[in-house]
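Have a look at this one.
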Amino acid sequence: MMLEAEALDAFYGESQALFGVGFALDGGGVRALLGANGAGKTTVLRALCGMVRTRGDIRFDGRRISGWATEEIARLGIAHVPEGRGTFQTLTVEENLQLGAIARRDRAGIAADIERVYDHFPRFRERRRQQAGTLSGGEQQMLAVGRALMLRPRLLLLDEPSFGLAPRVVEELFAILRRVNRDMAVAMLIVEQNAALALDFAEHAYLLETGRIVMDAPAAVLGANESIRRAYLGY
Amino acid sequence: MELFVHQVLAGLATGAIYALMALAVVMIYQAIGHLNFAQGEMAMVSTFIAWQVIQWGQPYWVAFTAAIVLSFLGGVAIERVLFRPLHNAPALSSLVAFIALFGILNSLAGFIWDFDIKTFPTPFGSKPLFGESLIGTHQAGMIGVTVAMLALLYLFFRGTRLGLAMRAAAANPESARLVGIRVGWMRALGWGMAAAVGAVAGMLIAPVVFLEPNMMLGVLMYGFAGAVLGGLTSPGGAVLGGFAVGVIENLVGAFIPYVGRELKLTIALLLIVAVLMVRPSGVFGRQIVTRV
Amino acid sequence: MTFPARAVTAVAVVAALPAPLLVSSFVTFQLTLVMVYGLAILGLNLLTGFNGQFSLGHGAFYGLGAYAAAVLIDRWEVPYFCTLPVAGALCFAVGFLFGMPALRLQGIYLALATFALAAAMPQILKFSPLEPLTGGVQGIVIAKPDPPLWLPLDADQWLYYFTLAVLLLMCAGAANLVRSRTGRAIMAIRDDPIAAAAMGINTALYKTLTFGVSALYTGVAGALGAIAVQFVAPDSFTFLLSISLLVGLVIGGVGSIPGSLVGGAFVLFVPNVAEAVSTGLAGAIYGAIMLLVIFVMPTGAAGFARIALARLATARHNRVKS
C-alpha cells in the first residue's frame, strides 16, 4: 500500500472535523472521496498534506508522515491540486509550471515535462507569458493540474477538479487524468461533488458523512446501490 | 540654471540611498506583509561593523564585504529567531517587535560605539566628477552602485529559480508549500537580502551624513516616503519613488526660503500624505481589488 | 463584562481610592500619569482596537489637547476643568475631519499617513508665525491647580482624584459605547467591512465618528497630562509619543478597556526600570522586555488574562465532569 491512513482525526482549532478516518491506496490506484457539503472531504486532503492539525496515522510508502510540514510532504512526490486551484495569480503561466518542478534538479527533464504539459493543454503554449490571473476559471484549473504534474508526482490529490468547469472541459480534463494515470502510473485520490463522474473515474470510493467514513466499497458497488445513491449522491 | 541641475543631480544622489532603503523595505514587506521600522537601525549597525573592521586595520573592501556578509546572516537570524514565532500573532504585535528591535539596535550601537560623530570613508573619493562642479565622484558612485544593485536584484528575481521560489513564497505561501518550497527559509532569505541592501545604503550615506547611531532615522523616513510614493507592491516603483523624494527634497531645500533640515523632513512626510490622498496605493502600486 | 472582569475592575477601583494617601507625592504624580496614558491609549484603542483603523499618530491628538489646555489656562485664564471639554471638542473636530480622507486609506497606508502627521507635529508647533499662541520652542508653563478649599488634600492628591474621576467617567462611556448598537456596528466594520456595508451599516459615517471620538479621548488625556506636568513644549510630542501609545495598546491588549490602563502603566514604568538597570543600555533593555512580553503574551495582557481564565474554567469544568 502506497498510502494509508488509520484512525485519523483532524481539527480546525478546537473543533474536530474528522473522526477515526481510515483508508488505503496502492500505487497507480484511483479512489474517490464522496459526500455532501461539509462532510470533510477537503479536510481529508488537507490532512494528508499537513495543512491541518491531525491525530492518528498517515503513512506513505510505509513511512509515517503525519505531523510533517506541507513542503516536505510535497517533496515526497505528493501533489495537491487544492480547492480554489491555488494558482500563482501574479506570475505567468510558464512560471506557474516551473514552480511545479521547483524542488526537482533535472533541468532537461523539467524542460521536457513543460513541453509535455503544453502537449496536454495546447492553449497554454501561446499563453505561456500571460499572467495566470487573467486566465478563465477552467484554464486556471487546467494550469493547476499541469503544475501538479510538473512535480512528477507518485500521488495526485485533486479537490473538486470539475468545479465551475463547462461539461466539455470536464471531459477533456478527465481524459487527460486517465492518460496520466495509465501511462505514468500516478495514483489519484479525488474529491468530487459530481458523484457520477467520480464513480465512473475511480475504481474504489469512500463515502463521508460529518467527518466519518460510512461506506467503503468498490465504485461499481456504490454506484449500483440505489438507496445509497438516492440518499447521498442525489441521483 | 546650473544651480538647478546641480540640485537635481545631488537630489538623485541622495535619492539613490532613499531608493535602496525603499527597496529593502518593500522586499521585506513583500516577504512578510509588514513594514520593517528597524531597517534604518539595521543599516546603521552594519555601517558601524564596517567602520570597526577598518579601525582594525583592514582595507575598505574587506570591511565592505564583511559588513554585507554579516548583515545578511544577521537578517536571516532576526527573521528566524524574532519574527518566525510571531508569524501568527496579530499585525500590531509584529509592529511592537519592530519597535523593540529598533530600540535594541539603537541603544546597543550607542553603547558599543558611543554617540560621537565619526567619519566614514568613501571608495569613490570626493572630487568633482569630470572636473565640473555639478556632481561629486562619491555622489556619482552612489547612483552607480544603486543602479547596479537594482540590476542584480532584478536579474536574480526574474532569472533564477531561487528568485522565482522567493516570489512565489511571497505571493501565495500556501501554494508555494504545495510545490515543495520551504517558505520559512524563503522569508529568512528575503530578510537577509534586505539587510544586505540596507548595509550598502548605510555605507554609502555615512560619508555624507557622518556615522552616529541616529544617522539613519531621517533616511528611513525618506525611504518610507519613496516606498509609499512608488507603491509598496512595486519594487521598481519604490526605487523611482526614492529617487523622486531625493530630488524633491533637494529642490525644496534650495529654492524655498526658510526651509531648514527638519522642515524638509516634514515636507517629505506631508508629501506622503498628499500622494496617498490622491492615489491610495502609491503611483505604481497595484490597486488591491477584493472580490466579494 | 463577565463576572471575573467585573470583580477585578471593582477591586482595582477600590484599591485605587486610598493610594495617594499612602504614597509619596511623586508616586501619586506617577500614578496620575499612568491614568493619563491609559486614557490616551483607550482613545487609540477605540480607533485601532475596536474599529480596525491603524493609527501611528495619536501623539498628535495628545499634543493638540495638551496645547489647547495650556493655551486656555495660560493665555485666557480658563479654569483647568473647563479646558477638558474644549480640548475634547477640538480634538473631536480635528479627528473627524481627519477621518474623512482617512477613509480612502487601507491598513498600512493609513498607518504611514498618521505616522507622517505625528512626526510633523513638533515642526508645526515650532512654526514661527504661531509663536504668540504656542510659545514656540520654549513652550508654555502652567500653574498647578489648587485643590478645593474644603478638601484636606494637597495639589498632587487632588489632581489624582480629579484624573481618576474623569477616567472612570470616560471608561464607563467607552464601555457603554462598545456594548451598544453603535459599538457593534463599529466592531463589525473592523471584522468585515464589506459585510458590514452589505448589512446596511453606514461605514463611512461610523469610521469618521470613531476617529473623532478616539481623538476626543486622547485629546482629553493630553489636556490632563498638560495640567499634571504643568508644561507643554513641541519636543514633548514627537513620534516617540505615538509609538509609546501604540506599544501600550498592544501590551495592554487590543480591544480591551482595562488593558489600556495596563498599557499605560507599562509605558510609564518600564522605561524607568530599564534606565535604572543600566543607563547606557536602557533602550536595549526596554526593547528586550517588550519582546519578552510580546512573545509570552502575543494578544497582550488582556488576551493573556482571557486565555488564563478560559483554561481555569475548562479545568474546573473537567473536574466537575469527572
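Which chain is which? They are A, B and C, in the order written, and residues in each are numbered from 1.
The criterion applied here is as follows: a residue touches a chain if its C-beta (ideal position, glycine included) is under 8 Å from a C-beta of that chain, and two chains touch if they have at least 3 such contacts.
What you see is a predicted model, and the numbers here were worked out from it, not measured in a lab.
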{"item": "Centroid-based (C-alpha) most distant chain relative to chain A", "value": "C"}
{"item": "Maximum inter-chain contact count - chain pair", "value": "B-C"}
{"item": "Identifier of the chain whose CA centre is least distant from the whole-structure CA centre", "value": "B"}
{"item": "Distance between the centres, which are taken as Cα means, of chain C and chain A, whole angstrom", "value": "52"}
{"item": "Rounded Å distance, chain A centre to chain B centre (Cα mean)", "value": "43"}
{"item": "Approximate Å spacing (C-alpha centroids) for the pair chain B, chain C", "value": "32"}
{"item": "For chain C, residues contacting two or more additional chains", "value": "none"}
{"item": "Overlap residues in chain A, where contacts from two or more other chains coincide", "value": "none"}
{"item": "Multi-partner residues of chain B (at least 2 other chains)", "value": "none"}
{"item": "Contacting residues of chain B [partner chain C, same complex]", "value": "29, 34-35, 82, 85-86, 89-90, 92-93, 95-97, 99-104, 106-108, 110-111, 221, 224-225, 228, 232, 262-263, 265-266, 269-270, 272-273, 276-277, 280-281, 288, 290, 292"}
{"item": "Contact set on chain A toward chain B in their complex", "value": "49, 51, 69-72, 74-75, 79-80, 82, 86-91, 95, 98-100, 102-103, 147, 151"}
{"item": "Residue ranges of chain C in contact with chain B within the complex", "value": "48, 54, 101, 104-106, 108-109, 111-113, 115-117, 119-120, 123-124, 194, 243, 246-247, 249-251, 254, 280-288, 290-291, 294-295, 298-300"}
{"item": "Contacting residues of chain B [partner chain A, same complex]", "value": "161, 164-165, 167-168, 171-172, 174-183"}
